[in-house]
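Chain IDs A, B, C and D follow the sequence of writing; residue 1 opens each chain.
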Amino acid sequence: MQRIGVFVCWCGSNIAGTVDVQAVSDALKNEPGVVFSTNYQYMCSQAGQDLIVDAVREHNLTGLVICSCSPRMHEATFRKTAQKAGLNPYMVEIANIREQCSWVHKEMEIGTEKAIILGKAAIAKVHLNAPLTPGESPVTKRALVIGGGIAGIQTALDIADAGFKVDIVEKLPTIGGKMAQLDKTFPTLDCAACILTPKMVDVAQNENVRIFSYSEVTEVKGFVGNFDVTIKKNARYVKEDICTGCGACVDKCPMKKNPNEFNLGMDNRPAIYIPFAQAVPKVATIDPNACNMLKNGKCGLCARVCTAGAIDYTQKDEYIEEKYGAIVVATGYNPISMDKFDEFAYNQSKDVITSLEFERLTNAAGPTAGKLLRPSDGKHPEKIVFVQCVGSRCDACAEKGKEYCSKICCMYTAKHAMLTRDKYPDTEVYVFYIDVRTPGKNFDEFYRRAVEEYGVHYIKGMVGKVTPEGDKLIVQASDLLADKQLKIDADLVVLAAAIEPDKSARPLATMLTASMDTNDFFTEAHPKLRPVESPTAGVFLSGCCQGPKDIPETVSQASAAAAKVIGLLVKDKLTGNPCIASSNELMCNGCSSCERVCPYGAITYVDKEFRMPDRTTRMRRVAQVNPAVCQGCGACTVACPSGAMDLRGFSSSQIMAEVDAICK
Amino acid sequence: MQKISRESLVEKAIAMLQAHEVSAVLGWKKGEFDYDITPALFTDAEDLQKNFVWNDFCGANFSKYLVEKTRNIEGKILTFLKPCDTYSFNQLLTEHRFDREKVYAIGIPCEGMVDIKKIKDACGEGIASIACEEDVLKVTTLYEDAPIAIETETVLAERCLACKSKKHVAYDELLGETGEVLESNRFDEVERLEAMTADERFAFWQNELSRCIRCNACRDVCPACTCEKCVFDNPNSGVENKAAANSFEEKLFHIIRAFHVAGRCTDCGECSRVCPQQIPLHLLNRKFIHDIDRFYGDYQAGAEVGSRAPLVDYTLDDLEASEIFEGRDN
Amino acid sequence: MQVKEYKPLIVAFCCNWCSYAGADLAGNNRLNYPADVKIIRVPCSCRVNPMFILRAFQRGADGVILCGCHPGDCHYTSGNYFTRRRMALLFSMLDFLGIERERTRVEWVSAAEGAKFAATMNDFVATVTALGENKRLEDLRCKK
Amino acid sequence: MRKCSLSAQDTLFAKLAADATLYLPVDTADGATYQKWESGKVWSDALNTNKSPKEFFFPQMEDLMAFKTAGKTIELIDTRSETEDFIVFGVRACDAKSFEVLDRVFLTEPQDSYYANRRAHGTIVTVACTRPIETCFCQTFGIDAAEPQGDVSVWKTETDLYFNANTPRGEALLQKIEGLTEEADASAVEAQKEQIQKVLKKLPLKDLTTDGFGGDKTEALFDRPEWKTLSEACLGCGTCTFVCPTCQCYDIKDFSTGNGVVRFRCWDSCMYSDFTKMAHGNNRLTQVERFRQRFMHKLVYYPANNDGLYSCVGCGRCLAKCPISMNIVKVMKTLGGKETC
């Protein structure tokens, strides 16, 4: 039986004005288990806390009930007080007789009566309190960043700068991501490569960073602070540490006609290739589907020209197992496929392109060496139509496109339009839009410059159809403001395709037990307050894997994620919240219901041998809660039909005792 | 009359036993009379020849037995599963309640099982013998000289009249043919109750549940109730009781039991079959199933292994609790 | 003869992060609601077991209300989504058994909605008061 | 022997119900149950009621005492009150015999005052079974369905009810209805008895005997391997126990009401896994042991302590109600008759 002390706070007149505190402490003195009951002006004051400490010592109290303000206010305070008095801090319960009593009721009689009941409920609960100790787990001081775009690079650099080891896993042969493909960046119009490539070099040279390019994560086990990850390093048939990136092999390779992914298939690359000049790592990769040597065993030219002897046709995929304390997801985005948008004739005419293809067309390192030429005939386009929101902000019922706004298209379209007009003032540029959305520093000014200084024709309305006719593209559209139908004979049509999370994100989310929304964007632990954390402890989000973002936003989120990772890795041990779920293994059915409602993947199952009540020994599948991962929501406790799962600090019997006391 | 013969089942069982492919056969055993069949484990051919039964009285669902029997028996168990049993079988597998490797499941077709109570109502008490023939049962009683012929159709169990599926959703082997998922009228009675006033519903259930003697037969036969320790047997659960003191406790037991199996209940109907007080307990489960179908889309527990039960799942735009009665004014 | 005014007993389960804070805010703003409402703090609305609700009725509660974060705002991301399904089904079952559907309620109250909390409680108390004493889920042994 | 016309039934019941509560079997959609008689209720001809009449004396749940708590004080309250007189009408021979089985448990020292109180106020009126059914085996235990015991025995013919008092309490009851009955000869009753005997000889379980059972058979039966197969399918529910007229086990539990504690007892079943669970655990850990206990008790332990009286009366309810159709008859047929060990 507990020896309970009750401490009723006046809170000056805040409580005492509407609650007869003397009557409350007198009434509660009579409750079973209560050996001491008093009231005091300010229980949270030093004097009040001293009073509690003294009472604990004098009356050998084992549990404390503080009738005061909300536990959201001073629960932490009184837990510390209990600790000072030598009690476990979780032997304290608060009866909220201020916010939920004295402040909402006016009459003394009513307030007093309710305060007594709330006090009794707290006493009933504290009878069943047990000392709780937070669990501890060690932290592996190394982070994993999945994805080597600007988000991953920035996160990795920030973590590395703080002195922690960090590995980047990138599925392509080089890091850099989408930003490496861009020409200029809005709203400053500085060249993407100029600002990205130094960062790529930095990250490659940082001794805390390892880059696994042409690699992917295949398995994730463990939990926050202690992830076990398997990384598959795909065979690139070139010894990475030997290759100097001289490019002799690339020049000599006879299998030259392979679509160049980096230029979105607008030109070709050889079977052995380096994606672009500033690639990191700057080593060659052999495309096994294109290489004659790998396919048929005939050729071997690259090996012969490689003076370093880096070519290795026998290379196999390699699996690396590594431990990490934190994982950052930075898997990025892709433009959606235009296959379902026949009305824009993307698959019918080479001169209908996506905005990313436009980036490559205007990029000095692109297929046209930066000259804006039509892909079909290499002529200079004189009339360009930009179509915004292609696949963005679609009706949920339409079976194509996305419901969300892709966020970046308004700005890059303005950029494209402006750059076109700047370089080729003779070109007429039309932009069709639903709305122009340009919040952001200097963004709206940028857009207005496009309209006002560069004379871009912005037309509110959707393009209905694009029809190739001769060497022209007939764009049928409506001008909603002028309320008329338009027909424009364009030379080039550029589609601002919606962006979607990379396809690799979904299987990765499963591996990480991180949740995703219906669009396959990763879900945040809290949409406002924890935007860079996934609900799965130790998994963080960086860049477009969480939602569409432009570069500045991506970089700030990347740094924010890094800050969270650093905050985690800097700890030697993780201390958990002790109010977590725990499974009574003898009662557990192993049915998996709890696991299915756990938002954190905190529950796993083990087969364990038990000595059963009938003296037999049995192998049983039972749930185990990882205390480092559980956050204590209690969803599992209700999903569990046998009641094997209970929540410490809010156990079923504690809550029912409160119910009983209130309903007495 | 069942389409597949007893002999073919016995033959199969003996063959598998003798080939040591299985070490026991879970089957229906001949009783004292022609209708009181007991689930049993057969381990030898002679016993099977003599005592194995397959007829219109083999209603018992064996799936739940697998939980315990697979633990205690070395080697594989051969079990015969009627279409409805296969749903329970899958649901138990979804919940990891037995080792699939230890079972050889043979799906057998079922033409529906009869309800002995209906036969007694039709022929009077004092059944001396019952012979299952094609579409007809020949019943002799202690008090009638001539055998009475009743059409099997007229004495089918309620749950079989509202059969949801003739399709086997799990088996290693089929004997005979499997059928289709059926359009059934199984929710009619639920809807009839829903159409009543609250007072009428209250009176209905008060009358039904007040008969409960808390023998736990419904729970103990239920393939979804395989808890290591039931909350109603656990003094620490806060709801433990051995007998219902009043109408509150009668309701408590049945509401919580139905809630605990909600989304997991395959609607096999065993609860109502075994109730010694003939309380239509399956209506509580069907209410949950019907609501789940209406609120969250059709879901059949056990239709596939590993499916996510509706109560451990959600969508962002689920119905609010305040919206469930919209369009209903009773 | 003096007739004692009927006062219902209402148990309100409030999630720690939104609704309990909403109730605190109602207090901060001195928004009145009847003292018949007694709040029990739970970490998340998904901690509330149907057994707790029935228990409250058994012990004499006349109404039980569950308050949680708005869908999408759960501190634990998904807790209130499970609550929503569980309670929709439970309340429907209680109604099926002929128990007055107005005695149970789920309400989403954010930490900023002190006014909504008070208004909800005022409304719920009024509704339950109009219904009168809980007879259909009572346990006479627990009456004084 | 007295008789009254069947058509005067209602007047008779009204008379009986005038100064004692009268209970009799009434048909419902879900079988016959004992109900309090009031005008309009019709006496059922059903052989077995769903539940046995043992609950008139040994209810499924009954309060023993209470504690009232207030603050730190506790007050003990005796909740017993004197039962009012009541009559249980239409009890079958088997169920009537069950009261003897119960009496030997509850009325021997130390006497169970709750049971004794009810027993002292209850009058049992039995009725002969004219249409026994296939599940009947009262003959096995020497019970004569044609000659039911109880305070008053009744024979119901096509036209009349015949009464015979067996005890002073029965005499008193007949006295009460003397004005409604007339003296009668026993010829119609004798004819009925003969008829009943003929049916009894046709019953499928007529040859079931208690051979091989009895107070001295513990060793012979306890370790028989057949227990395992017999109990194989047992669900461990309490149906057999709760419909049984002779099962008398109960559990005593406390229920906290918030303002005090009610101490009550309720039926328990030896088939339950938590039966007689104590601090050290259970004394019967497997369903085989629990299953064996129930039948050993009825056929061996009880007779050992009660002059050879078996605690089964052959009413057949468990045969009809067991979810898996395992029952005492199957047990007796499997284990009985042989003197092996």
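Going forward, a contact is a pair of C-beta atoms (placed from the backbone, for glycine too) under 8 Å apart; a residue touches a chain by one contact, two chains touch by 3 or more.
Source: prediction; values computed, not measured.
If you compare B-D with A-B, the chain pair joined by more contacting C-beta pairs is B-D. Averaging C-alpha coordinates per chain places the centre of subunit B 30 Å away from that of subunit D. We define each chain's centre as the mean of its Cα atoms; on that basis subunit C and subunit D are separated by 47 Å. Rounded to a whole number, the gap between the C-alpha centres of subunit B and subunit C is 37 angstrom. Across the assembly, subunit C contributes 50-51, 55, 59-60, 72, 78, 82, 86, 139, 141-142 as residues in contact with two or more other chains. Shared interface positions of subunit B, i.e. residues touching 2 or more other chains, are given as 231, 237-238, 245, 311-313, 316.
For subunit D, residues that reach two or more other chains under the stated contact definition are 255, 258-259. Chain contact topology: the protein chains form a complete graph, every chain touching every other one.
Partner subunit B is touched in their complex by these residues of subunit D: 30-31, 33, 47, 50-51, 60-61, 131-134, 199, 202-205, 229, 232-233, 235-239, 241-243, 251, 253, 255, 264, 266-269, 272-274, 319, 321, 323-327, 329-330, 333. Contact residues of subunit B toward subunit A in the complex are 71, 94-97, 226-231, 234, 236-238, 260-261, 308-309, 311-313, 316. For subunit C in complex with subunit D, the residues that touch the partner chain are 59-60, 139, 141-142, 144. For subunit A in complex with subunit C, the residues that touch the partner chain are 70-73, 96, 98-101, 103-106, 110-111, 113-114, 117-118, 121, 515, 523, 525-527, 535, 579, 597, 599, 631-635, 637-639, 647, 650, 652, 655-656, 658-660, 662-664. Considering their complex, residues 30-32, 613-615, 660-661, 663-664 of subunit A touch subunit D.
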